[in-house]
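Right, I'll just put the structure down here and ask away after.
By written order: A, B, C, D and E. Residues from 1 in each chain.
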Amino acid sequence: MKPVARGYASDKTGLPPGSLVHVGQVRETETTVSVIDYSRDGFAEPGFTSVDQLLPFRDSGTVTWVIVEGLADVETVKQIGALFGIHQLVLEDILNTHQRPKFEEHDDYLYIVLKGMLAANQEFSVDYEQISLLVLENIVFTFKEKRDDLFRPVLQRIRTSRGRFLDLGTDFLTYSILDAIIDQNFVLIDALDETITAIEEDLLAGEPGSETLNTIQRVKREIVGVRRYVSPIRDLINEMLRCESGLIDERTQIYLRDVSDHATRVVESIELHRDIISGLLDIYISSVSNKMNEVMKVLTIFASIFIPMTFLTGIYGMNFEYMPELKMRWMYPAMWVIFLTTPTVLLLYFRRKKWL
Amino acid sequence: MKPVARGYASDKTGLPPGSLVHVGQVRETETTVSVIDYSRDGFAEPGFTSVDQLLPFRDSGTVTWVIVEGLADVETVKQIGALFGIHQLVLEDILNTHQRPKFEEHDDYLYIVLKGMLAANQEFSVDYEQISLLVLENIVFTFKEKRDDLFRPVLQRIRTSRGRFLDLGTDFLTYSILDAIIDQNFVLIDALDETITAIEEDLLAGEPGSETLNTIQRVKREIVGVRRYVSPIRDLINEMLRCESGLIDERTQIYLRDVSDHATRVVESIELHRDIISGLLDIYISSVSNKMNEVMKVLTIFASIFIPMTFLTGIYGMNFEYMPELKMRWMYPAMWVIFLTTPTVLLLYFRRKKWL
Amino acid sequence: MKPVARGYASDKTGLPPGSLVHVGQVRETETTVSVIDYSRDGFAEPGFTSVDQLLPFRDSGTVTWVIVEGLADVETVKQIGALFGIHQLVLEDILNTHQRPKFEEHDDYLYIVLKGMLAANQEFSVDYEQISLLVLENIVFTFKEKRDDLFRPVLQRIRTSRGRFLDLGTDFLTYSILDAIIDQNFVLIDALDETITAIEEDLLAGEPGSETLNTIQRVKREIVGVRRYVSPIRDLINEMLRCESGLIDERTQIYLRDVSDHATRVVESIELHRDIISGLLDIYISSVSNKMNEVMKVLTIFASIFIPMTFLTGIYGMNFEYMPELKMRWMYPAMWVIFLTTPTVLLLYFRRKKWL
Amino acid sequence: MKPVARGYASDKTGLPPGSLVHVGQVRETETTVSVIDYSRDGFAEPGFTSVDQLLPFRDSGTVTWVIVEGLADVETVKQIGALFGIHQLVLEDILNTHQRPKFEEHDDYLYIVLKGMLAANQEFSVDYEQISLLVLENIVFTFKEKRDDLFRPVLQRIRTSRGRFLDLGTDFLTYSILDAIIDQNFVLIDALDETITAIEEDLLAGEPGSETLNTIQRVKREIVGVRRYVSPIRDLINEMLRCESGLIDERTQIYLRDVSDHATRVVESIELHRDIISGLLDIYISSVSNKMNEVMKVLTIFASIFIPMTFLTGIYGMNFEYMPELKMRWMYPAMWVIFLTTPTVLLLYFRRKKWL
Amino acid sequence: MKPVARGYASDKTGLPPGSLVHVGQVRETETTVSVIDYSRDGFAEPGFTSVDQLLPFRDSGTVTWVIVEGLADVETVKQIGALFGIHQLVLEDILNTHQRPKFEEHDDYLYIVLKGMLAANQEFSVDYEQISLLVLENIVFTFKEKRDDLFRPVLQRIRTSRGRFLDLGTDFLTYSILDAIIDQNFVLIDALDETITAIEEDLLAGEPGSETLNTIQRVKREIVGVRRYVSPIRDLINEMLRCESGLIDERTQIYLRDVSDHATRVVESIELHRDIISGLLDIYISSVSNKMNEVMKVLTIFASIFIPMTFLTGIYGMNFEYMPELKMRWMYPAMWVIFLTTPTVLLLYFRRKKWL
């Protein structure tokens, strides 16, 4: 999966604004909805039957978390929008998975969209997933593109926590979700770190081949892609902190600031690795140069030693009638002396020039 | 068509400010004017006969959209300016197609100018077109350099929509036009993406030739050119949002912010692709180095194997009278043994050095 | 002429501040003064005799434009300063032609200094000229280093215009002068564009020689130099717009904003061309690499074909007594077969490697 | 030790926020606690037995400094937190040693976290250590990862100072600690300076080998890592200066500003060295090129001299029956004349081309 | 002298803050103190005997300028500090010559520290000197590291001026001193300009050797060093302009702004030269490539001409019994025809390829 979705970015071009169409790459995931409802008195996970069933939770006084996984079923999103008074453009953004992270404050709810990122495999390629949050007074809706374990720590906590957590409102749930999403990035950075270490070892040890170059370029692209989705998160949270909506309690702010710190650390790590990977490219180029240098030296050494001596044999291979040396008995052994000392002298010369 | 218009930027130099002259490259397009008038009660497309005919629409209470395609007919623009009280400098800007995107708030109207961009062909070259909007209370004038389908989605919507759209004022029409123009950029980015993928495949598969280099350079130039016209759009819309003119309704602001988000996404994609194309240049240069390395290795292998053996044949090609080896019967076969083992040994050596 | 004046920047070092000395390169231009006086009722061009003659214009109610060309005659500047109450440091700045563009608001007058730039010849070298404006209530003084046609369009306009222009005050005259100076830059950019196109064609077509490299470096320097004087102009005009002096009428502000837009366009064009010229350097370096690659291929092809065959001839040039092949009648023709097939095989091999 | 801790950044991923776990690399250091208590009347160093023992110091009116070295004993930190009302997230940050430098103002205390940096050895590798400060009205807690001499100058001063120092509050102690930490960076910069000088001498004198390249790359990475922890310190102190907490006396501000100046100097030195090390990479690459150039020249000189002469010997080694020169007595000496003059001529030619 | 003082930056590490120790490189300069006292009524230069002697000048109503040259004598600085109520940290900064330019407003005095820079010799190496100013109501103290002519123009002016200058207060004296220091930078820039021109000529004319590379690198380092001390000066003066101390008269502000303009010009020149020197490095690298290209061409031409012909001679040097050509009388002359035409053909081919 590439950081730039191919062939999809323009899928909605030409449609009137406000059209609810799912735009994205993950079309096959079937839409499932889970509901968790909790309060100081405990939690419940009622099965989901229809959107209408969610309406009573709005005014129940408990915190309800609705997790929609898979965006193929546009109808569900549409119904939630209609029932809870969500703006058409917000619904559109939820369904179009090319959003950049942003925060919007609406009259009765907050809209947050960002990217969940998972290291897809050993070689640092990243799986992106758009996650939208609608924060109402008593309900948090989350819309995910895929079905995965990203929210497991939060669910775990609700299921096992006693007291404090369950006591807090939707803002604290929102914080916990954001925290889970961003903490996932540290796993990503560790994967990135390992990949870069592997490249470094390749460069130092073996032959710098064109695959190394391709890996460097690929990792660079992935880093650029990740940075694009991580760096707006600080702004997003700062806007949340500044927003005057009553939906975010003052006590939650310190937690959000903590998430912001984490996001900053992720961004700085990304930048750091970007610098390092650029440095690796320089090393790669230098390695190729060094290699060529070495090849040239071998050629030069061979040619410089044997070409002059071949010339010498050429001289006494000439057929002139009057070549007095040809008669001299000691000439041939003398030639061998030359043939053996010349290379020695040249090799010493090359050694002094530090070519050997 | 180049991002920098050649030989035209200075066309007006020396003329007094305020002179109405069409400055641009697309001179041949004949000027045509279309008029669309709509309200809650339906829409009409009266044919255009003269500018005077437009005057009644000013106070009609319906929304009127006047589309001027082709700017060669300066007279029409002049008359519109005179009839609707447009400032001389604004008219000048409409006619001079070297404007950068900007927003100006005047007493009775808003002036918006930006660039429509269409991918001209498969190889990512871009067709630019300057589009000016004059937003009055009941009329929106759009001035386009060329005749194309850029506005089709908006027209479609007016023609087919029932109710809501037709109910809204000129500000919503303005939004719809801006949205159509900017959404077109996503098509552009997809074309760019394809071009870059093609270059990458060229680099990985075949020979990096100088055409590849030229393509990279050309795409880089186009990207720089596109960025130049896209990046001011965010500012443009922010100014629209900040402006206190009564011409933009509060309800439209959320839509404009959506357009601003789209513009941001376009800019970020452009930046991303710019980084990638710079990386491709590095890969190209490395490929050339790698190639030369390979050529050098072939030369060195050939030379290192045959030059020493040629020297050996040279020795026994000498004509000295006293060369005892020449008489030895086993010498010649022995030479053949040397001739066959030397290459083997050297080839093993080169293999160990990973040259083969 | 270099963007950095050699040997002059430190000419005033050591002099007490406020010393009126002309510092600059253009010393030979004789100082001439022209006066134009206009109002709604027409215009007059009285000959200039002495500075004292200018005093009545101060309170005359007409707009007077005093053009001083050539700065060698320090005395004239001094007298103007004394008569019209100009600050010593301003006079100093007028005479020292190493100023960067700036705007200063004084009690009774405005001081503007910027650079006029003219393309000196075909190959994009730029002639700089410092232009200072002193804007008083009824008089505008302009001080130019050289005598040229930069102000011709403004003069033309005054001489031919009826009504409107002549009706406006010194602020509009100031605008017209600034507009003329900045519009001249578009000519410069066209020259730059042509130069770059020529370099590009050189690079694509012929041999990349060291002159190409020098041209690229020279153009780069000129661009850096031009940018240095163009980029502060936006700030300059923004300060003019913000200044609360009564000398700038509100109606003139829209015109100044237009000039600011032009300056922005110039700066962006300059930046664009800077990017392009940097890209050309990359292409140049790649071309040199490509060229070397080609040379290496020729060498390798020649050497790889003939060195092995020469070795073969060497074998049968040896003088061993027992070389059975020498007696075989078919050996010699067989050798020719080898001599003819070896190159063919190798050439096919090189062709498959795409070296040919 | 790498600037990016490998395998640890994600250690806490999946844990609920607020979990107190020590995350870091230095796990083996046993936790020790020292207590220093001083006032105008002298100082005392009571041994540490339990956290409860610290409570009376809170309201004692003397200044108490509690130094916790080693973070393995989570329990101690937890107890301090409970006893002095420190927020859960702050305790978490103290224990997780991947924090970036920051300042937080809480109701009753200030929280400062930054990195102590020590040059680990001769070759500029850096030892990082996270240091957290909790500043209460009468107590300062410092949490260090390791046991080292970083605080020795401050301790020295308390133990030997009479009067003034002991008279001042926890804010001045805080300043002294920050000053000690940042002054340590100058030692680091001197080490960096020496390392760079060594690289420069290597480059100028000997052979640029791949170890030099690796050193350059390593130093670059370390610089990037150091910069990451130094550059936020200015902001940190600016926030301290802006904070309206009563915990920082106005008289201490000038001292904090001095620390800020030092931090700025450190950052600028780091940037300066970063520029220099980038320049060294350019020099390295040029050196490799120069070297290859030299190798090529040797090859070319040898080949150009001997290949033509070998051809000449080849001519008279041919076995044609009718080769009149073979009979000429003076031919062979004439050949020797050619063999001796050709190299001389070519060597002069190469000298003129400045190859020798 | 390097922009980074080696081995001294950390000299004070470990000392308690506020310790008065001279930290710097210029220890040998003996401390001398000169006093100049002037007012409307003339000036006097009383010899300096002791610091106590200066006290009466504080309230005398005249302007007194105390110049301390050489900082080895810590005691004098200490006494001045004690007598005139200067903060301990300011005294420390005066003595520690690693300060970056800054401005500090204290209750009764202003503290300014910046660097005097002198071109040390022909090859653009810079001599730095820290200059501190203490501006009191009636006294200006200047502390210089070295004894040189930097202040000569100001002294000259005091000694020769009648009236105006002597009439103004310590703020105008401060301005004059700053002006003298900054104007000195223009001399520096001229030296830099000459050095760069020399490098350019070297590159264009002769052989690009490794000394050229070293000079480029050295100049780059010096530029980075100079920029570091020049660029904060604008901020410094802006802070002076903003400060509300009564010590700076409103009439002096225009002069300070003039100094700020000069500083801006210096910074821009420095940036410009930095761009140019970076371009020179590119040219250097390209020159090396071009050179190698040329060497390769010579090798290839020689090898391509003689290797095939040597092969030909090899053929007829073989000793096969049945080689009919050997008997043919015209064969040998025919060979010579080949030997003479082959080079001609190849040379024409290479000429067409523009290798010659």
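FYI, contacts are C-beta pairs under 8 Å (C-beta built on N, C-alpha and C of every residue); 3 or more make two chains touch, one makes a residue touch a chain.
Quick caveat, the model's predicted, so the values are computed rather than measured.
S.K.: Just to be sure I understand: going only through chains that touch, what's the smallest number of steps from chain B to chain D?
M.R.: Between chain B and chain D, the shortest chain-hopping route counts 2.
S.K.: Work out which chains are contact partners of both chain B and chain E.
M.R.: Common neighbours, chain B/chain E: C.
S.K.: Along the graph of touching chains, what's the shortest path length in steps from chain C to chain E?
M.R.: 1
S.K.: For chain B versus chain C, which are copies of one sequence, does the interface use mostly the same residue numbers on each side, meaning over half shared, or is it different?
M.R.: Here the answer is different, because the shared fraction of interface numbers falls below one half.
S.K.: For chain D and chain E, what's the span in angstrom between their mean Cα positions?
M.R.: 26
S.K.: What whole-number Å value describes the gap between the mean CA coordinates of chain A and chain C?
M.R.: 42
S.K.: Can you list the residues of chain B that touch 2 or more other chains?
M.R.: Correct list: 285, 289, 292, 296, 299, 303, 307, 310, 314, 317-319, 323.
S.K.: When you draw the chains as points and link the ones that touch, which shape shows up: line, ring, star, complete, or other?
M.R.: Topology of touching chains reads as a ring, each chain with two neighbours.
S.K.: Record each chain of the ring in the order reached, setting off from chain A and passing chain B first.
M.R.: In ring order from chain A, with chain B immediately after, the list is A, B, C, E, D.
S.K.: Spell out the residues on chain C that touch chain B in their complex, using ranges where they run on.
M.R.: Contact set of chain C toward chain B: 152-153, 156-157, 161, 165, 175-176, 179, 183-184, 186-187, 189-190, 193-194, 197, 204, 254-255, 258, 261, 264-265, 268-269, 272-273, 275-276, 279-280, 282-283, 285-287, 289-290, 292-293, 296-297, 299-300, 303-304, 307-308, 310-311, 314-315, 317-323, 354-355.
S.K.: For chain A, which residues count as touching chain B in their complex?
M.R.: 3-4, 6-7, 9-10, 12-17, 87, 89, 93, 98-100, 102, 206-207, 210, 213-214, 217, 220-221, 224-225, 228, 281, 284-285, 288-289, 291-292, 295-296, 298-299, 302-303, 306-307, 309-310, 312-314, 316-319, 323, 325-327, 329, 331-332, 335, 339
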